[in-house]
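Worksheet: one structure, shown below.
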């Protein structure tokens, strides 16, 4: 399984902070994103932002990165700390 | 030293810790505060959300990059999370080095990367009591460009 | 605020004064210390001579230049003169601004110009009790170049 | 009259911190410097440094600057504060 996390306005819009997906059906970040967008129109729109950031196992990554079982994938909007 | 905490921090204590190392000739500090106005709105409070499992790791990686680029004696990064009030301190970055050039560059580099790579998100409450997530500033993204030319 | 004084200064008091102005979102401070080693020599003390009639005028002019180049809310420069001991504070430059870029640039600019334009001279005493005037560093002169390109 | 000041190692080497010169005979900094160097070999050598700095009335200036009666001219080595 892969653990998927959402933060800040992304979490608020989706109404979900965490979910689990099957690792066989989600070999990389792009496929995972496509599968999440396929849920419905609202997910599709919310995850469409070009500025969406992704971290794999707590390190900033990108959409071409591959995934394996046990990974923690986080999606979030551009960060605004500091 | 890297700390992510809800408590306030004390400038003097952090500065004193940085200046005490042998050979230190220069200390540069940056402190970020909750402004009373942002993007034209009068602000009354600020909440900082973060990604707890990742935050310290991200900051440690940024500090490590700075240490590999400049000659640094000591470095401190403190970032607060949770509910903050007007004029509260949000973030402290302090760098001690032999000469000033290294401390200035490293301190600004750490802030520029923190602003775009560390998983913190600000939610502001305005004077009407409305809350909204703060938009990322384009200028924070472009601030990174200067470090690619060096 | 500009001060030339023999007395020590307090980082917290100076920082608190800078952060209190309305709209301040960023405070950058630089502090220069008497290093225990300089150009390979073990140092035991430092004397700072200056040109009293000119010193504050020169610092005020440098701060004015910084204010004309960047958007600054408040600026403090304190420079000590006379006899200093190992690890003593020599100089403080603090800048408050709305956004961090202005504060970082102005603080470093002020230091770079102070190092080459303000009439202070250091005389070091080494561990053998010998006193000698410190040579100007070529790198301080070349540090000015970055401000001509901007 | 023009008031001439020397600081730091320059003052130590010359053994003088202050002197007065006639403004008619010293219309600009370069002439003043030449007149001072003409005192003797030691003054000549000590004032020959290309890195010598000059301030007129407490403002950094240069060797081509003109002088008038009442001016305060200061010569000093490269500054080393901060």
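Order as written gives the chain letters A, B, C and D; numbering starts at 1 within each chain.
The rule we apply is simple: contacts are C-beta pairs under 8 Å (C-beta built on N, C-alpha and C of every residue); 3 or more make two chains touch, one makes a residue touch a chain.
Remember, predicted model here, so these are calculated numbers, not experimental data.
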| item | value |
| --- | --- |
| CA centroid of subunit B to CA centroid of subunit D, Å | 48 |
| Between subunit B and subunit A, distance of the C-alpha-averaged centres to the nearest whole Å | 26 |
| Shared-contact residues (touching 2 or more other chains) in subunit C | 32, 100, 111 |
| Per-residue multi-chain contacts in subunit A, two or more chains | 82 |
| Chain-level touch network, classified as line, ring, star, complete or other | line |
| Contact pairs between chains, per stated definition | A-B, B-C, C-D |
| Residue ranges of subunit A touching subunit B (in the complex, touch as defined) | 5, 7-9, 12, 51, 55, 58-60, 72, 74, 76-82 |
| Of all residues in subunit B, those that touch subunit A in their complex | 32, 48-51, 53-54, 57-58, 61, 79, 90-91, 111, 114-123, 133-137, 141 |
| Residue numbers on subunit C that touch subunit B, as the complex places them | 10-12, 15-16, 19-20, 22-33, 35-37, 87, 89, 98-101, 103-104, 107-108, 111, 139, 143 |
